[in-house]
Structure formats: structure tokens, C-alpha cells
Amino acid sequence: MKRFYYEEEQVDVEEFHVPIYRRASVRDVVSIGFGLFVVAYLFIFYFISITNTFIQNPMDVHIGQMFQRPSFEHLFGTDFLGRDIFSRIVKGTEAFFVPGLLSIVISTSFGLLFGIVTGFYPKILSRIIFYFLNVIDSIPRLILILIIIVLFRPSIYLIMVFAGITSIPKVTVYIQSKVEILKNQRFIEAGKALGLSPGSIILKHIVWLSAKSVLIIHATLGMGEAVLIETSLSYLGFGVQEPDPSWGNMVAMGIDFFFQGRLWLSTIPAVVILTTIMGLYLLGDGLNSIYNEKVSR
Amino acid sequence: MTRFLKIIVKEVINTFLLVIGVSALLFLLFNMMPGEFLGKGEGVRSFLLLLKRLFTLHFGVSIVSGIDINSIVFPAFKNTLILTVGALFISLLLAVPIGIFSAFRGFKTYSWPLSMLSYIVSSIPVFYFGYLVLYLVSRYTGYLPIYYVQSSGKGSRVLAYMLPILVLGLGNNSICEIVRLITTELDRVISTDYVADSRARGESILASAAGEGILIPLVSIVFSKVPFIIGGAVIVEQVFNWPGMGRLAYQSTLDRDMPVLIVIAFLSVLMVRVGMIARNILLFHLNPREA
Amino acid sequence: MKQFKRTVFFSVVFILIALCAAPLLFSQETGGTLVYGEYGAPTRLVPILANDSISIRLIELIYGSLVFYDSNGEIQGDLAQRWDIAKDLKTVTFYLRDDVRWHPMPGESEGERFTADDVVKTFKIMMHPNTVTSLQSRYNFIAAVNKIDDYTVQFKLRKPVLNVLGRFSFKILPAYLLQGVSYLRGDEDLSIYKHPIGTGPYMFVSQKGLSSEIVLKAYDAYYLGRPFIDTIIMRPFADQNIITQTLLYGGIDMEIRVPPRDIAEIQGDSRFELNPYSTLSFSFFGYNLRNPVLAIKEVRQAISYAINRQEMLDSFFEGKGQLISGPFAPGSWAYNLDVKPINYSEDMANSLLDRAGFTERTKGIRKRGSYELRFEMVVPISKENETTKRVILAFQNYLAKVGIQVDIKWLEWKAWTEAVFIDHEFDIIYADWIFDDSFDISSLFHSREIGPGKNNFGAYRNPEVDALLDEANTTLDMEKKRTIYRHLHAILAEDVPYTYLWTLTNYAAYNRKVRRVEIHPTRFFTYVREWYIQRGGG
Amino acid sequence: MPLIASLGGLKVYFYDQKDKRFIRAVEDASLSIDEGSVLGLVGESGCGKTVTALSMMGLVDSEPGIVGGEFYFRPKGDDRRSVIHAILRGFRESRNYRRGELVNLFYGLENFIEFRHNPFTMIKDNEKWLRRHNRIMEYIRGRNISMIFQNPLRSLNPFTPVGAQLMKTIGRFNHEKDENEIFEMAMGLLRSTLLYNPESIMKMYPGSLSLGMAQRVIIAIALASNPTLLIADEPTSGLDTTNRYRIIDLLETIIDKMNLTLVLISHNIHIVGLIATNVAVMYAGIIVESGGKRDVLGKKHGPKHPYTRALVSSMPTDSDIKRGKRLRVIQGTVPDNKIAIRGCPFIDRCQYAKGKIRRRCREKCPDPVEVGKNHLIRCYLYY
């Protein structure tokens, strides 16, 4: 494949030019673009489903019009009870939107707290903290959630609180490695020399300047995981229950008609789940390579 | 060699402590369960009882079916182990070549669609992906690859084993993570001086960059994926009727059968910690600087 | 005259066919394996404790009972050879067979002998207050049992009961394995939990863990003749949809209950046979009359009018069933045909609700003063009855149209039984009752059956119904009992303690190679001795 | 002495995506290397000397990379046939791919490149070219030419012990030898690079080596495949002074012992002056002066080219320091290699470019002119 290079006329290059972000390669642009598209339609769906202006009522049943093909009146057709699939998908975002944010807030805030504490006071304190984090980290997340379900028969919010708790270790590791690197950087020592209070140093320099990127990346990846958890649980029958719509239980309901050839009933929600998870993941991935942070796993 | 032993001893102690921590957490949750049942006791005595039962590997009786938990859990543990290791193998088998390919080819002609494909395939929700594969295979090959079909019914034995492993390996977004990690690590290593130097000596780039670029990131990520794969197994076993720990966990959640769940959690933690030990030992072996 | 000739001709042809078919009929071959699929796993293979249908079917294969109903409804002796009922109908003596042996323990070649002690021990354990079982209410008409000699046992009854023999179909447990056990709660560490021992046609061989298949082998020394099929394998499935597909692909030979939507697919396939069997059970929406609003008859009637049952039956069950108007199986002697099922009319429902005073509507829910037409419906979670979910959601939608809001609460089986039968924390439930052989509905509607653990969960109290029920239970005259039941049918239809929906005809599907299959409505395998597998496959 | 390699008109461009402009790393570099000689390639940093070395080794991957020139090289006997076969692959007619025993490794370069002017555009199929070139260089790299890089510690694979790397390289080139023979050869090599306890060094990881030791190991590894031409890119700049001279002595002994040809690249003219037989001075991608050491740096009639003269005078020798002479600095900076240079690149900083000559210097870059026996200078002063 021949590469084409072409040079404009003599152009005097402006003197001072320091690239703040590494110039985004095509790959990053594509992934961030797709990610933003997904985030956009999530917000739109959430907004519509709260004000439920545009969509029909996702709950009302028309037994006469079951299994209808996608038509103008029902954008995605109707399901096994004649309910409009499109409005159920829009309403489905409500199932994981706020719980997802809840889980991100929990994992990010505690992760940040533990990360900084272990970063700055390495010795005994961090060993204890890391011990507890390892305990949480070693139980597979879905099994821990199943145990929680057996105990408290929780709503999706409590489940997401635990999902948030289980991803605290990941954030702590990010932040701690960031703090380790920055701790003995020049400008931190300079700050101390200038007599800045340690609090302000931590907050302003470490948290805001550099940890910001790690947190944003974790927020997007965290939201992706939240979607995955909520839909898997609803599929298994533990998360959001009928008649409230959730992408997971829509797939579950569609599965029963899979072997009669009515594939699209569970294909549509599955595709929506796929694009959402992929979009969020790519967004996190793109942002990560733009900020060029070494997100160590 | 002594440093090697020191590492192993440190890891085993660490695992032992962690497992006790996990059992304490499980015991706490266990006692919060409403209603009254056998294993529930008050205070430290019953916790020690639970620990004794867990560590001596005979787990008592399930409150729902009265069947001895050992006879249920161990065959299930074996099946889930097969599934997990198989899935890890499949993920690696696919992710490593794609990662290397896109690291070398960069973002040009046909490396981009390949890594995008790996993103799409690994983002397909596992529960739907399982059914889709099941439906397609049964439609076009005439066999229904369900675990039981092969044990005494018609249908190919290999297919029934392969499909759940394939689905768990492909789905469960493990591939895209490995691909991304290898691409970034390999890029970084290729641009280092020692790879250029070894190229000048005539060695192939891949040979010289493989050590730090592929092996180390691979080892560090593969074993940290074990908990996610066990999680994914819960769903895949449900779809393919694979009698593993995942399905047992699902069934006991439905029956509110806490003792079985506790044992499953305990064994999963064991699997995860063994993975961690292997990971740290391998990492130490590969990367002397990490002493 | 022509008429006569034609009938003669037909009868001759018929005899000919019968003759040449006869050898075919009676050439039953022994051997072969029957693999049948079940959704979910059995809880306990012990007759007293098990109440889920999966375990009941397996118990029918493993254990024997004193007597049983054969395919055309007569009483046949099983473990009991002869029996006689005293004139005052209050004592029944059974003369047991002396040639029966229990299944051998694993490793031994021959089991213990079956004696009267086993019957006495089983009955004592069953009636013990601490035993966790749902059967006690059915056998509390028996006062006591005592052993006359090794092979005769005598039951003392509290009050004379019509066709009492049908009531002695409970399964017998091996006493020699239950030494020192006076009651069963299910969490003891007994050998019969792991390896059940019975006197039935099939012996328990193995179960490799909760969710793996159970293998049963024909019991050679079975006193009524060794069954034809060598081994029966029960294979649990985690997912209902997979079972039908596994049947179609030859993974299993028989499916107990084919989901309605798969019937068409199996019908089209020549390799399989669909065998409808009515399950002698009816589905209903039950109301908790402790809730003041539901105590109002008009509200319950309005609910019955508001739902379109025929549409639900046709679209969810492909019309495979029959609407009913009362708590009896249609076609049985107790069913009153001239009581018509309530037909669907929304405005009738609205007018009833208006008459009951629920006229104001806030946010689409009807109100009268502080009472609001808002109910909580409790439903057992299980993915398998996807049709249950469709019925409930349709029900919720129908009521929403007439201004009644129904909130659905999903619970597991254990939690659901506790909420409904013990704590009574519910407004409406969707469930179905299975009749035993005697169509006795007193346990459902009699006022003395109200209380924790009893079947009258809705606390329905109607003195007239109580009197009729008592009278029906005591009369020995079949005709009188029939008229009382028909009268009860009319009252209960009008009083609407339940909204009666339909009885479903279940379909069992099995490979053609399985021959002479007779299915018992609830226990399924009662006549398994007759079944055999045609060599040469399907 | 016969030629072992000769580089003609090398042109290496890189491409800046953002500004859509070419970075002219090497404009026109021509060298001729005699067998057994030491060629010193001198120039300020950023003048393209490392890129020249890399392009000789075929390690220039970025686009568009090598866009012009030819590189004739005499491969060892047993590799000759396979190199020629690799060069002629895909070409039916084979014009002057050979000059005597030297073979042009850049043969067929022009088929991969198309030039257009106003505006200046170029189309190069770099992937195909690299695939072809790598196949050719497979027989050259390590076997015939090997290269040493600047920072020794970073050139060793930190994850494998030193010994293993050495033995692997040796093993690659003599398959027939077995394990302990290779071990012996490795020990021999380490001793030949004046390392005193080779056994312990074999087991050590690169992380625990000192700079001097690491450089010696690098040299040992480079010699493992007994190449005929060794390119050393700033071998001494990472070291302190004592090590520096020791390494120079080491290189000198090696060249004599293994009749090796060395190309020593450095920005320090004194180091080059110590052991070089010929010297080439490079400035802004162009070889401005090349020839024997005596002619180029010679005391007798002093360096010829203005830049060489300035370069020599700006580096203080020991005697200068003793006499406390003032350092003389070359005014101005190296021209930006993004802008195409029409005239002589040194024009702004050259004190001789005055009056009439300046006009010629500005129009066109002077072609090399023969001043003494193979002593070329690109300066109008000597036309």
C-alpha cells in the first residue's frame, strides 16, 4: 500500500510549540468518538425515560399485537406480551444509570482516599489497608453479589454499592502508583519547600492535576462494568424484576423464544448492551492513551 | 535459589492469612442471614468450627437438599476448573496473536478491523452469546452441544466440551483487555534501545521484545482475570447446562442455600489465590528487578 | 336392516385387527434405558419430606405403598395382599404380602424383609408433630395404627370415611434404617438421604452431586414382576428451553411437561409422540380476605370480570386447556356444568366497582375514602414458568385498565410458601391446586382450615359452606355427596373466594420407541411397570 | 587497501504529520570505507551521523526513511550468494547491482519511490521496501556488520543474564557447536575485552553491571558473530574519561587482532583523532569534508573546510587548556532540517562566505571537489 507524502511551500514554523496531549492517533479519535456517541445516547435515553415524553408506556400489554416486526409505530417491534420494545429499552437505562453512578462514586472516592493514604504513609497503614482490599478482591465479584442477594434480597442500588466496593482495590492501586511516582517529583518537593500545607499539596497537585485523568478513565470503565453487572443479574432473575424493564431481563425473556426462531426478541437488547459496554470501554481506552497514563493493571 | 523459596513461603503465608480474612468476612455475612439454621452459632466458637470445616475440606450438609456438600461441590469444582483454564487458554490463543499483530502493524490496513473485531466479540454479553452459539451450532450441525447429550445421548462429545469454553474465552471481555495490554506494552518495548541493539545483531524483533513485551504483561494480567472468569462461568454454566460451581451457586442462590454458597465462595477464593501465587512466582522468575 | 349389516361388518373387522395386533401388544421386550428430563433438581427423595413434583415422581418409582388406583380407577393391592373394613367403618386391617424384600443396600445382594413394623414406623414418623411435612392434614382422619403380627397391620379411624381405601396411598419407609429416629426435619445425617431404599419397581443406583443425573435400575426381585425397562435416568436441566431441544436432538427420551409454545414443533416431528394428560389441577387467583377491601364480594367479582381468561388461555397456552367456573376438575362427578364461567366484560367490572363505592380515581387508582384499590401480588421466582410471568403481567395490565393497581413481589419457593401459608403477608396469589383421588376441597374452604400451615390461606369463612362440607365428608351415600358438591360449586362460584381460571392439559412428549405409556395425572410413573422400549429405536 | 563498503548519495527523510513537511535527516552523504581502516564520522549532534549508521544497518523503520542513494558492501564469502539472491529477488533484469566484489544493498530503491515537484510530493511504499530490505539485511546484520549503541546499560536485555545473551548470539552463528564449546567461546570473548572475572559476569543481570563493564560486554556481544565491519555510535560518550580511553585502546587492539574495519561515530573530534585513519565531517546531513586523518585534521596545513576548521578550534585540546586559550565558539545554530536548503548549509555561520563567493554559496550547494589524494571538500573556496 503506497504512502503519500506531500509538502506545502516554505512555512516558517512557529517558535514555541509543546504538545500538551500526545497528538491523538486515528485509533484514539475513533474510540473516543464512538464512546462519546454511546454516552450521548445513554443520557438522552435516561432523560426521555425520566420525563417519559417521547415513548409509549413500556408496561401496557396488548395481547393482540404480540411478536410484531419492527414497524413505524413500534420502532423495535413488540415483545411476547405486545409491549413496545423501544420504549422498554429506553426505560431500561433507568435500571443501571443511577446505581452505576453510585458504584462509581463509591469506588472512586474510597479508592482515592486509600490510594493517597497508602501512597503517602507506606509502612504499616498501607499494609493493613491492602490486606483488607486483597480480601475483597479475591472473592469473584458475581459470587459475592450472589451471597449478598441471598442475605438481604437487595434492590439494584445495594447491589451496585457492593459492586462499587469490589472495584475499590483497582482504583487504589492506580492512585497509589500515581502517588508513588509523583511523591518525589521535583515540583512536589518544591511545594513542600515553599511551605505549602501537605493538604493543599495533595489536593491541588496530585489529585487534581494528574489523578484526574485516572479517575475519569476509571469512571467510564466503571460505568461499563456497572452495565454488565446489572444486566447479568437481571438476566439471572435477581436484579430488576418484571414488569420493570431492564436490558438483562428483556434478553432473559427473549431467550425462551430463541429456539422457535424468534431471535430478535433478545437480540435487540443484547446489541444495545454490546454497543454500550463497548462504547464505554473504548472511551476509557481512548482517554487513557491520550493522557498517556500508564494504567497498570 | 533461596530467594525463590523465600518468595514462595511469603506468598503461602500471605494466602493463608487472606483465606482466613475471607472466611471471617463470609462468616460475618453468614450470621447476618435471617432465619435459623445449622451452621449459625454465636461468637468465636462457631467461627472456629466453620474454619475447621472449611480447612479440613469436609463441609457438612446443605440445608436444602440434605446431601453432603462434599459430594456436590467437588465434581462441580472440577468442572469449573476445566472451564476456567480452558477459557483462559482460548482467550490467550486469540488475544496474543492479535495483540502482536496490531503492535507490529500499528493502525494500518488490516490490523485495525481485527482488534475492533476482538473488541466487539468480547463485549457481547456472555448470556446472549452462549445462546446464540448454541442456536447456530444446533441449527447447522444437527448436534446439540449440551453437556449431558454427550454423556449418554447422541451428539459429539468434543463439541459439548468445547463450546462453553469457547464462549467463556471469547466473551466476558477478557480478549480486548489482553489485546490492548499487549499492544501498548509491545509498542513500548519495541522502541527501547535493547531491542534495537538485538535487531542490529540480527535477532528478530519478536524474539528480543517477547520477554518484557509479551510474557510479563501476559502473566500479570492472565492470573488477575481468574475472578472475572469464575464470575462469567456462573452464567455460561447456566446456559450450557454445565454442572459446575457457577450453576451450583445459581441454584443455591435460588434455594437460599447459604452453606453451599459459602463453600463455593471459599473454593473460588482458593482458585483465585492459587492463581495469584503462580503469578507472583512467575513474575519473580521472569523479572529479576522485582526481587 | 342395512344399519345392522354395517355394524356387524365393522365389528368383524375390528376383531380381526385386534387379533393380529394382539401379538404386537403382548410382545413386550425387556431392556433399554429411558432418559427423561426435568427442570431443576429434586429436593429430597424421602416420601414424607418431599412436596415438589420432581421428587414425587422419583419417589413413585422407588417406594411402594399399601394400595394404589390402577389405570381404570379401581383399587389394587400393592404391599397389601388383602384387606377388610369393619362394619362400623372405623377400623381397617391390611394383610401384607410376605414375599416383599427392601432394595439391597449398595454392595449387598439382597435387602431386608418387608414387615408390618415398616408400616407402623412410617406412619408414626409421618404423624409426629415435629416432622416437617404437608401430608399430616390429609391423614389426620387416622387415629392410630398397631401391628397385629409380622404381616398384618390395623388402622383405627377417628370417623368413618367414604371410599377410605383410596386414602392409604402413602409410601412406606424402611424401619430398619430409621432406628432411633422419631421425626424427620431434613437436615439430619441419614443414609436414606444419600441412598434411598424402597420396595418400588426401581432401585436407586447413583447421584453424583445435586445437579447431576440420577440413575435408577429395575429391581429384579420386585414382587409384582420385574418392569420391562432396565434403567431410568432422571437428568436435571438448568433451563427449560434446553429440555425440548435436547429431546428433539435425542439427548433425552421423554419430557414430562412440554411448554405450550413447543407443542407445535414436537407435533410436527414423527419421531415423537405427544401424550396429553389432564393434571386434575386448576389454576386460580387466590385472595387474602383478611384485607378489608378484598373482603368486599363486589371487588372480587369485579376483578373476575375485568380479566379476559379466554384470550389468555388461547395466546399463552395455545388454547390447551379449559375454563372452569368452580374449584373442581371439569368432567369429574363433582363438577356442576350449569354454572357458567364468568365472561369478560370491562364495563361490568367498572359498574361493580362503582357500586362498591370506589368511584374517585387518583392517578388512575380507584379510591373510597382511605381505602385504595392497590394490592400486592406475591409470585414464586422461577424462570421455568415463563407462561406464569405472562399471565401475571397480563393480569396486572387488565386490572390497571379498570383502575386497580397490582404490585408484583417475586419470592423464592421457600420464602413464597412461608409468606402465603404461614405469615399470610399477601393480597393476591396466582397458584394451582392438585386434587388427590378424593376431590376433597374441605381443606381449602372449611373455616377450621384457617391458620398457619393450613391450606385455607385466604381465611374464607362461610358457615353454610362449612356445614355442607362437613355433611359431604360424613355421608357414605355417593349420590348425596354429589348433589352437595354441585351445590357447593354454585355457592363458591358466586362467592368468588378465588377467581377460577382454567385446568391445563399437560403434554408429555416421548420417543416412539417407548411403548404402552400410561401416565398418572400427578405421580406420572404409577403404571411404569407396563411401559417397555421397542428394540430398534424410534 | 581494497574498499569494503562505499555509501553513495544517501538521502534519508522523515515526515512530520502535523506540519505536513519533510524532516531532511540526511541530505547527501557519501563515504568510502577501506578494509581494516578506522573511519571517524564527526559532526555536531543532530547532523545525521547516527541516521547514516542506522541506514547502513537497515534499521530505519519510520516513514519515508531511506529515499535515495546506494550502499555497496562486500559480504563475507559464504553469505555472498544468498545476499545476491535476496537483492535480485523480484527483478528480472539486473543492471549494476555489483561493483567488483561490492554489492549494492539499496538496489531497486527507486522502484519504490516516485518523486514529483512543485509542490514537492513523494510516494513511497515503505512497507514493501522494508520487507524486501529486511530480507536482504538478514544476512548482513550481525554476520557482516554489527553495531554498538550509545548507552551500554540500555542496550542489554534487562531480563536475561548477560551470559545467556552472549551465548545466544554465539549460538546463532555457529549452529554446529555444542553447549560447552559455546561457553568457552563466550569466556574467550569476555577475556578478549579485558574483563577480569568472566565467570561471575556471565551470571549477572545487566542491572548490576557498571557502565564500563557493560560497554565491554556490548563489544564482546558485537564481536561474537565476527563481523567484518563494526559501527560504533558514540561508544565513549556515556563513559567517564578513564573508561573512555580504555575503551578506545580496547577498540584499537580488537581491530588489529581481528582485522576488523571500524566506523567510529562521535561528536568529539579528539577521540576520533586518536585512532581514526580516515575522517569524514558531517554537517546538516551533508558530508562536507572526507579524507585521510592527516589531510583533514592534519597539523601541516590545517583543516581545509571552514566548518572543520571551526570544529577543531572549538574543541580544547590538553595543550589549549594548559595555555589557557580562550574557547572559540561557532556563532549561530544548526539550520532547521525542516526547511530545504538551496545553498551551502554552513553559509550563515561561515566567516569566509563574504562578497562574491557568498552569492555562489547561496545558489547551489558546492559539489565535492578532489583536493588531495581522495580528500574531498564541498566548498567553493577550493574551486
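As written, the chains take the letters A, B, C and D, and residue 1 is the first residue of each chain.
Here, a contact is a pair of C-beta atoms (placed from the backbone, for glycine too) under 8 Å apart; a residue touches a chain by one contact, two chains touch by 3 or more.
Values in this document were obtained by computation on a predicted structure and should not be read as measured data.
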{"item": "Where chain C and chain D overlap in contact partners, by chain label", "value": "A, B"}
{"item": "Identity of the most central chain, Cα criterion", "value": "B"}
{"item": "A-B against A-D, pair bridged by the larger set of C-beta contacts", "value": "A-B"}
{"item": "Whole-Å gap separating chain A and chain B, where each centre is the average of the chain's CA atoms", "value": "22"}
{"item": "Computed distance of Cα centres, chain D from chain B, in Å", "value": "51"}
{"item": "Centroid distance [mean C-alpha coordinates] between chain C and chain B, Å", "value": "44"}
{"item": "For chain B, residues contacting two or more additional chains", "value": "108, 238, 250, 254, 256"}
{"item": "Junction residues of chain C, two or more chains touched", "value": "239, 245, 381"}
{"item": "Interface hub residues of chain D, defined as touching at least two other chains", "value": "127"}
{"item": "Contacting chain pairs - touch in the sense defined above", "value": "A-B, A-C, A-D, B-C, B-D"}
{"item": "Chain B residues touching chain C - in the complex, by the definition given at the top", "value": "37-38, 61-68, 71-73, 75-76, 138, 142-144, 146, 148-149, 151-155, 237-239, 241, 243, 247-248, 250-251, 254-256"}
{"item": "Complex interface listing, chain B residues touching chain A", "value": "17-18, 21-22, 25-26, 29, 32-34, 107-109, 112, 119-120, 123-128, 131-132, 135, 173, 176-177, 180-181, 184, 217, 220-221, 224, 227-228, 230-232, 234-235, 238, 249-250, 252-254, 256, 258, 261-262, 264-265, 268-269, 272-273, 276"}
{"item": "In the complex, chain A residues that touch chain C", "value": "59-61, 63, 66, 80-81, 237, 241-243, 252-253, 255-260"}
{"item": "Residue ranges of chain D in contact with chain A within the complex", "value": "15, 17-22, 63-64, 119-127, 336, 338-340"}
{"item": "Interfacial residue positions of chain B with respect to chain D in the complex", "value": "108, 192-194, 196-203, 208, 211-212, 216, 286-289"}
